[in-house]
Every structure is written in C-alpha cells, then in structure tokens.
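One structure is given below, represented as structure tokens, and several questions about it will come after.
Here the chain labels run A, B, C, D, E and F in written order, and each chain numbers its own residues starting at 1.
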Amino acid sequence: MVQNILRADAAVIDSLAQSGVATVHEAQGRTGLLAHYMRPIYSGASVAGSAVTVQVTPGDNWMIHVAVEQCRPGDILVVAPTSACNDGYFGDLLATSVQARGVRALIIDAGVRDVATLTQMKFPVWSKCVFAQGTIKASLGAVNVPVICAAQRVEAGDVIVADDDGVVVVPRSSAAAVAEAVVKRTANEDDKRQRLAAGELGLDLYKMRDSLAKLGLKYV
Amino acid sequence: MVQNILRADAAVIDSLAQSGVATVHEAQGRTGLLAHYMRPIYSGASVAGSAVTVQVTPGDNWMIHVAVEQCRPGDILVVAPTSACNDGYFGDLLATSVQARGVRALIIDAGVRDVATLTQMKFPVWSKCVFAQGTIKASLGAVNVPVICAAQRVEAGDVIVADDDGVVVVPRSSAAAVAEAVVKRTANEDDKRQRLAAGELGLDLYKMRDSLAKLGLKYV
Amino acid sequence: MVQNILRADAAVIDSLAQSGVATVHEAQGRTGLLAHYMRPIYSGASVAGSAVTVQVTPGDNWMIHVAVEQCRPGDILVVAPTSACNDGYFGDLLATSVQARGVRALIIDAGVRDVATLTQMKFPVWSKCVFAQGTIKASLGAVNVPVICAAQRVEAGDVIVADDDGVVVVPRSSAAAVAEAVVKRTANEDDKRQRLAAGELGLDLYKMRDSLAKLGLKYV
Amino acid sequence: MVQNILRADAAVIDSLAQSGVATVHEAQGRTGLLAHYMRPIYSGASVAGSAVTVQVTPGDNWMIHVAVEQCRPGDILVVAPTSACNDGYFGDLLATSVQARGVRALIIDAGVRDVATLTQMKFPVWSKCVFAQGTIKASLGAVNVPVICAAQRVEAGDVIVADDDGVVVVPRSSAAAVAEAVVKRTANEDDKRQRLAAGELGLDLYKMRDSLAKLGLKYV
Amino acid sequence: MVQNILRADAAVIDSLAQSGVATVHEAQGRTGLLAHYMRPIYSGASVAGSAVTVQVTPGDNWMIHVAVEQCRPGDILVVAPTSACNDGYFGDLLATSVQARGVRALIIDAGVRDVATLTQMKFPVWSKCVFAQGTIKASLGAVNVPVICAAQRVEAGDVIVADDDGVVVVPRSSAAAVAEAVVKRTANEDDKRQRLAAGELGLDLYKMRDSLAKLGLKYV
Amino acid sequence: MVQNILRADAAVIDSLAQSGVATVHEAQGRTGLLAHYMRPIYSGASVAGSAVTVQVTPGDNWMIHVAVEQCRPGDILVVAPTSACNDGYFGDLLATSVQARGVRALIIDAGVRDVATLTQMKFPVWSKCVFAQGTIKASLGAVNVPVICAAQRVEAGDVIVADDDGVVVVPRSSAAAVAEAVVKRTANEDDKRQRLAAGELGLDLYKMRDSLAKLGLKYV
C-alpha cells in the first residue's frame, strides 16, 4: 500500500484527454497501448487521469476497497489480477464510492458488472469483459505498485487516456512532452484532413509514388 | 419432446426480473451464471421467464420449430447445441413466431441473425455471437430435457434472468426463496449506496481495517 | 496493382443492398459469409458495393494508400493481411480520403481506429477488432488481386453486402442471378412472416409433423 | 463435503477403460464428452475410474486437499472452478498424495504444473492448460457435489473415461448398460475394419449410394 | 462430386516432400500457409501429396465417405466445413479405408479422433483440434471443388506439403517451378548454415550493418 | 541497442536451472510467470540463463540478427513484438547462429518454425505458437531495453528459467536471494513428499482441519 504518489500536471492531463488514444499513442512513438480486448462498456466516453494501480488476486476484489481511500479527484483506477480472471470485480456500489471521490474511470484487466447502472451513472469502464460473477474479500494484494495491465506496465501516477479506441498509458515523466507532441501532430493532421477531403490523394500528399516505384510496384 | 413442464410462480418471476442478473446471482450464493461470452444483441433489455429448453445438433435448428409449440406467454427459449457451433440458428421469422406466442427472449449458446430486425421488434436475445450462417432441418434433438447451456445446467421450467450483465439461471424449486433473498439484499444495498455516495469509505462501512491489518497490510 | 476491374451492375448492387446479409447468403446457397468475428463499429449501417481488394503485410498499411486511387464511387475497400494481425490499419484520415472518392465502407480482417470519428462521419467499417496500434509504410502488397478475407475468397469487383449481421461476398458473375433469387425469397418470407405473426405454427406452415414423426420424434 | 458416495461396479469400469473415449461416447448416444480443450499432459495414457468431484474457487486449491481423504483406489479426481481459471491447482506433491491412495488420474478444468515430474510418476492428467501459477488455500468449496466440468455435468461416482482423444463421463446409473453397448459396438467395428482394410469402400459397406443419389448427389 | 482431377507430377511432389513446409512457403513467395492452429497429431511426420478436397457441413462427415472412392495412392484428403466446427469427423475406420487406398495424410479444418490408433497406424493428420465428438451422415457437400481450408484456398490436385511446422498448399500449375526454386534455396541455405555454425554473424553474412546504420540504429 | 548489460552470477543461474519453473515462481512470491500460452516446442528441456531482450515490430525479425552479436554463452534470447503477431520469426539458420555463440534457448511471444530441425539440434524454444509464416527485415526495433513478453516485464540480464511448465523471469537484482529461497523450499518439499507418499494426508501434514472447521466445512 503505497500512499503518496506523484501525479502529472492537471493541465497536461486535460490536454491529453482532448486528443484521444490513437493520437497520444502515435505522439509517444507508438508505445503504451493496452491490449485490444480492453473495450468500453458504453460508447462515447473519453477521459484522462492519473493511475491509481491495484494488484488483485483471482476472484478477490478486496484491494479495490483499500485503493479507494487513496483516490483523489481526477484519478483513474487501474486494476490488474495476478493471473488471468474474468470475474466481475467491480459494480455499482464501488462505482458510487469512487465517483463520490472524483474518480473518472476504471480500467480493469478482468470483468465488470452492473453495466446498465454504470452507464446511467456515466461512470466509464474499460474492461476485458462484462461478467456478473461475484468476487470474495480474502487475500491481500498491493496498491500503487507497478502492475502489468493488459500487456502494458502501469505505474502509479502515470497518465491513462481512454476512449472508444481503447486505452493508452503515458509515463508520468514524459507526459508533458507527449502533450506537446500531440499538439503539433494534431495541427498537422487538420491540414491533411482538409486536403484529403478535397480529393487530394495520399499518394501525392505524402509523396509516396517514387518510393513505391523504387520498391518495384507495378501497375497492370 | 417433454410437453408438460412445471413453471415457477409468475409473481416470483416478475420479482426476479426487477432485480437484475448480478443481484440474483449473489442472492443464490454466486451460482447459476452462464458463461461471460453470452451477450445481448442490444443494450437495455432486462427480462425474466420460464425456460423452455431445446437441445439441437450442430448447424440444425429443426428442434426450435418443434419447441415453439410448447411455449406459453412468459417463457424464454434456451437453446444449446450438442457440440460447439456458431451458426445463426434463429432469425426474424422464428422471432415473429415466438413473439406471437408471448415468448420474452431467446438464450442461445450459438449464433443468431437478423439482429437489426430483432432489435426493431424489441425481441431480446443473448447469444454467443452474431452470425448469418444458415442452418438445416435434418436431425432430431430434444425439447424440455436438461441441457448444458454456456457452462450451466438448465432444466425446463427453471427461471432465467437476463440483462446487460449476462444471464443467470435460478432452479425452479428455489426461485421463491431466491426472490425473497433478493428483496433483503436490495434493501441492504440501497442503504450502503447512500452512505458510499456521501463519501463514507467501504473500509469503514464494511469494517475492513482490522482484518486487513491482521493479514499484514502495510501502509508505506 | 491491377488497375482496371470489372464491376457488377449498379442496379444489381443496390438491389442486394436492400436485402441484407442473411437473405443474400441464403439466396446464393449459404455460401460467401465472412467469419463471424467481423463486426460493425456501429449498429444500423447496411451497405453494398464493389470490392477493391488490398493485400497488406502485418503492421503495414501502405498498400491501402495505393488502393485509394483505384476507388470509384460505390466501391468498398476489402483489406486482408498476409498473416493474422490486429493492428489499426485505418483511421479518420484514410476515411476522409476514401469518403471523398465515394467509397461506401471498409471491410478489414484486422484492426481499425478512430472509431468515434468514423461513427460521426457515418463511414461504416466491419473489422476483426478495434485497436489504436499504428502501422508503418514499408512493404509492398497488392491491389485488386484475389484475397482471403476472414475465411472467404474475394476478387476485385465482387459485390460485398454488409449489415449488423456481418459481411457476405457475392461473386460478380453471379450477382444478377443472386439479386433475382433474393427478390423471390423475400416475397416468400413476407407471406410466412404474416402467418407466423398471426400465430400459425412453423410445424404446420412448413408441414414438418410427418417427417418428424417418421424420424421418431416422441411426445412425452 | 459429501463422504459416502456410490461407485459403479469395478468390472464395468475396467471394461470401459479398455474401450476408449470415442467408442464410449458413441455407445451412450454421443453424449458426455468434456470440451475439446481438455488435453492430456502426455500421450498414451488411457484410464477409467469413479469420479470424486471437487468444486473450487478461482486460484484456490484448498478443497483438493479436503477431497484427497475421500479417495479410494480406482478413483479419478474431477476438479471444476466456479469461474474460469487457468492457475496451476495441482502439482507433484498432491500427485504423490493421491497416487499413494490409488487415485488413477486428475481431470481439471483449469491448469496443472510440475508436468515433467507427473509424467515420470506416470500420473496422468487431463487439463485445460499447463501453468505454474500457484494457488492459495483460503476459501471453502465442496466435495462430491455435482459440478459442471468443461461443459459436462459430473456427479460423484460417475465413471470417467479418458485417453488421447479427451474425456467422457458416463452416469453411474447407466455405466453397466453402456459397457454392454460398447462390447457390441466394438465387435461390429472389428468386422468393418477388416473389410475396409481389404479395400471395400464405405459407400458399399454402409450401402450409402442409394440415399446419396436420392438426395441429389451428382458425379461430374 | 468432381471425379477426374489433374495432379502434379509425382517427381515434383516427392521433391517438395523432402523440403518441408517453411522452405516451400518461402520458395513460393511466402504464400499458401494454412492457419497456425493446424497442428499434427504426432511429431515427426513429413508428407506431400495431391489434394482431394471435401466440403462438409457442420457435424456431418458423409462426404468424406464419398470422397474416399476418388482417392488414389499419393493423395491427401483436405476437409473443410462450411462453417466452423470442432467435431471429430474422422477416426480409425476411415483411416483404415483411406490408408488401404494409398492416401498419405488428412488435413482437416475441424476435429479428429482415435488419435492413439492413428498414431500406431502411422497415418498422419493435421487438424484444428482433437475431439471425440461424433458426426452424422445426413447432408450433401461437395468433393473436389475449391475449398477454403484454414484461411487458404485449396483446389483439387494442388500439392499439399505438411510437417511439424504446419501445412502449405502449392497450386498445381506452379508446383514444378516451386520445386525448382526450393532446390536453389536449399543449396543456398546449406552454405549459410555452415558459415553461421562457424561463428560468422548474420550481420556480416547478410551485409546488414550499412542499412541498419542508415535507418538510424544506435549502439549505446 | 544497448551493448553492455549486467548478468547474474553464473552459479546462481545454474542453481535456479536445477529447481524448475514452479519452484522458482513460488520462491519469489508467486510472481514473474509468463502467460500460460508459452509452450516448449519439445518436452523435457529445462534451462536457465541471462536475458538478452529484443523488441521487434510485427512480421519483422531484423532486430534478432542485431541481437545475436550481443549474446554470450549462457544467454537466453527473449523476443517480444510491439503488437501481437504469430509469424515465424526464428528458424534453423538463426538457431545455428545463436547456438554457435552459446545461447541456451529462445523465449518468443510469437511464432517459431523449423521445429523438427530445432528439436534435432536440441535448441529449446518456448513460443506462443509454431507457424512457418516468414518475416521481413525492414524496421528497427531495440535490443536490451525492457520489454513486455507474454504479460511479464523482462529487463536485459534478468534470469529466465524455463521447463515443461512454462517460463518464469527472476529480476537480476533478486536472483541470488531467490536461489537461496529455492534451496530451502526444496528441502522442505522433499520431506513432505516422503510423508505424503507414505499415505499421510495433507489435511494432517499441513494441519488444516481446524481452520476448515472454523470456516464452516461440514461433512455429510
């Protein structure tokens, strides 16, 4: 149970929230994406926040209760079991509790339940599956230690960005730099979008014809 | 083809319908959940009804036609193939037929098709997948015998409860007792929800601090 | 890079678009369905068009840029990697470009990203998964050669029909015949639908009772 | 913890052991097969025995220790978690213990470990996977209650038959009848095998040509 | 039921048999590999032969019996269901029959059973899974038509090469050319193998250092 | 490309090699196991060594060639793609090269090929799958940076232990302590093994009866 964690600057987090997962992932060199099976329980949510990490054992959600006390407004819970599990570790009561503390979302490499209520509460969750299977409260785990969640390492205080495309983690130490890179990339993309919408071909816009010809592309 | 089956009391079924899958599953001791891959074809449906069970062979939906005749208002069709199959056993014509007989939903450990039409008809289906692959009508199966559907045994007349969290089966003989347990549990949960929403921690509400300390939880 | 491809008649394509995947699949003898894991990124889209096929290598979307130039209004891009890959080959910039050229949809046996934006743009995609993982532009592939996409062979100019049930391919040479078969089948189904809605049993409508009895079905 | 269970006759069990999974499955009307993912840890083992069933919670193998005391020579342990889990519930120490009590095999819808040692000990295991992940001893489960193991219901005392083809369960009450059916089937198969080995075609041996022609099979 | 099919030259087939799957796949431009889930039932088999293709419906192996009559010495049966199925379509009786006709192997995008006996018979099978689930004989399919088997199109008479690495299909028309390319490739590889065994680095042998440096590889 | 890495003491590595994966995993607090899908290409291999980590892009094995130069006798190559890929990154030529440099094994979260030859060479590989699909040499990756391989973080110089149970990673800094813990654990297990083999029950050996009774276990 690590209590005091460092968080990224709030302005940086908000800036990343506006960019979305695909752009942030590109801006940090195509790293940090959680596995593709992490899907939102409802469409349209888009958030960023500071990771409070929770390591749990299979079928046991006790440590999530412990972690709640460490959460501040703007945080995102990141829950990873020590071995693969689909059980429903989190439902509407826990959501009520963490929403009262200002938590923005849950990222869980396991199952979640009460999804109809969570949707009404507008509490977004990205999970491996939806499953009502209940969990027990018998084993210790750890809070705010580094965890491997859906194929990515997440440390407490890292920035989590999540939207309909999935979830990406940005290390706290590089969050400001990534936010800057995102701004540049977005400006660049807006220009391209207009030219492509006007009918210009990517082959010309990106000047690809020569390199394709050199590699031997033949038109038949 | 078993024709006369016993069903649970309608009031009990309606009571279970209002509680939802996660609560019913908890109230009966965390048993009865169908596998997590059973998902609704559209969000927001929530039903309960008496199981009419159908055992089919792979790629053959003939016995569903046989089962229709056994359905009464308030029933739910539960279809299980004898070996794993993703084919689309059920579409809008069968849905029209069973809806005309008052059937409330289909639970199928296989595929379903015509889902856009089924959604318009408000006929809810929980299935393993959506797949348009057609089936034939060549082999006998059985109706209203016990089946294994998505990892649970379902007998004809058992109560099926289904919502966005998945599907749970309640044995007919214990349905009344479970419905009572659900009422108690729900009252209890409402109180907790208010206290958690007011910011009280689960650690305090559930008096967990002592047992965590005894197990050796350390705050760093 | 094959440049000139034959396409089916526009009226035939439009006729198939109105029928939907399940009906077209039935009308051509239950063939041509892509694997059940091909799912739409949003519900409610229903399209038909001429396939422009793209063979790509894992993690490399260069050939999609090459293929854009070959697209005409009414086409549908069909992208197949040479070995299984979940990466996000296609996002909002490519969608902007192909939508400007009148492309109606993307079918991709891999991942797609920017799905929130694609949904706003009403550009439908059927894919194996949603994944923001970026791709590179380094390897040649092929355009308008026959590809195996999600367990079906697709040739350039074949007709693709896609809706909430999935995706079906109709060979260009048989498209007109299938469209005719669809019309007959649909008329036939409308009549059945009315009789079933009125409560007539499929057992009687399809005259199944005799053959069931011969096979030995017993009512207990 | 149910202590006294009925077992099938030893001669019946031995007779089933000699027949193998595929034959027993056929002889009881193509029922009772556990899911195809249940694979032996080494090739060549072929056993039958009486099921001692164990229901465990995810990641917790305590009840297996409880079950050991109930095992008699000729039994087979059948372990099923209440929700899906890949952890390694069973290793060489438990195998030493149950082998000392005459247990013939383990069937587990989860993981197993120490497989090199188990192979040396000639203690066969059919499992969902091999995984060294350790389990805890914290939760109660149940012994000798009916369980759903890999898609089949198994009751204590049912006969389990397992070989390189997988695992099949024969209800205790029908074991003698199935054993008889197996004998007939095997004699029948031996005759067919000789005729097929001599070059006779199945088309002729099974007299299929007429029915194929009636269904419309055409030779081109 | 197509009866007369063309086969590749026996010397070409034998030459491909000696090369193995990986080499043949490379020699024909990295095409033709069946999906990675196609695994041999025992290690060490390595074969090549002419494809006799069989299209079957789910859970129905009737057409395999029909296909047997079309098999000649040196052929390989290639069985593909019209929709995904894990059932055990093929066991020791069918193996006895086809082995009597000189068939060298079975490639099946579904399940197989009696694998202990097949191993003793030295009849190799590459399949999606091992599963004892029986099949029926009720539906027509097709023999010697093009099929999609494990993500590759196979035509009757194409050359199948299979070993511990999996299965590759070589189109009949290009088999001779591929066999020649294989010979060159193999000679080339032998030389490389000796130099690598002597300690020469691939970086030098393949002259990669310059291109890596150009792309920006840095040594830290 | 990080060139100079620290390795654990050779005696420590050899000591861990003798203990096996399950014991090492237990001795370090049940951490460090790679995902259960990592399986050996042949049974019976058991190794330990220092990790040389390689990050590759999908379908591109160039960086493995770069990594070879960094390998010393006693090392183990650990290869992780930046996004999921099943292609065969490694075959007999690379194995010849690394075996010449004293590399003990390959751990790869992707495919491998030429497995019959690798088995003859006694070069063990633990991989996600066997697949002959070839890869290209076009993209840079990284060598000896931390990678996520099959759900575990591995740093260059960490100790890898692999046997028939799978693969476990031991951080370099704690390798000596884990090796000591393993020795104690093993001594302890030998004593238990003898008592269990003599028929003593785990219930008594581990003194479980009281705690089970307190939790409410009932014998019926």
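Here is the rule we use: contacts are C-beta pairs under 8 Å (C-beta built on N, C-alpha and C of every residue); 3 or more make two chains touch, one makes a residue touch a chain.
Just so it is clear, the model here is predicted, and its values are computed rather than measured.
Comparing chain pairs B-C and C-E, the larger number of C-beta contacts belongs to B-C. The centroid of the Cα atoms in chain A and the matching centroid in chain F are 29 Å apart.
Centre-to-centre separation of chain B and chain E, using mean CA positions: 43 Å.
Mean C-alpha position of chain D lies 31 Å from that of chain E. Among all residues of chain B, those that touch two or more other chains are 30, 33, 36, 82-84, 86, 131, 133. A list of each chain pair in contact follows: A-B, A-C, A-D, A-F, B-C, B-D, B-E, C-E, C-F, D-E, D-F, E-F.
Those residues of chain B that touch chain D in the shared complex are 30-31, 33, 35-36, 82-84, 148, 151-153.
Residue ranges on chain D touching chain F, taken from their complex, read 1-3, 42, 62, 65-66, 68-69, 86, 88, 91-94, 96-97, 99-101, 111, 113-116, 119, 129-134, 137, 140. Here chain D touches chain E in the complex through residues 20-22, 25-26, 30, 33, 36-37, 39, 43-44, 46, 163-166, 168, 189, 192-193, 196-199, 201-203, 206, 208, 212, 215-220, going by the rule given at the top.
The touching residues of chain F, when paired with chain C in their complex, are 57-60, 82-87, 131, 133, 136, 138-139.
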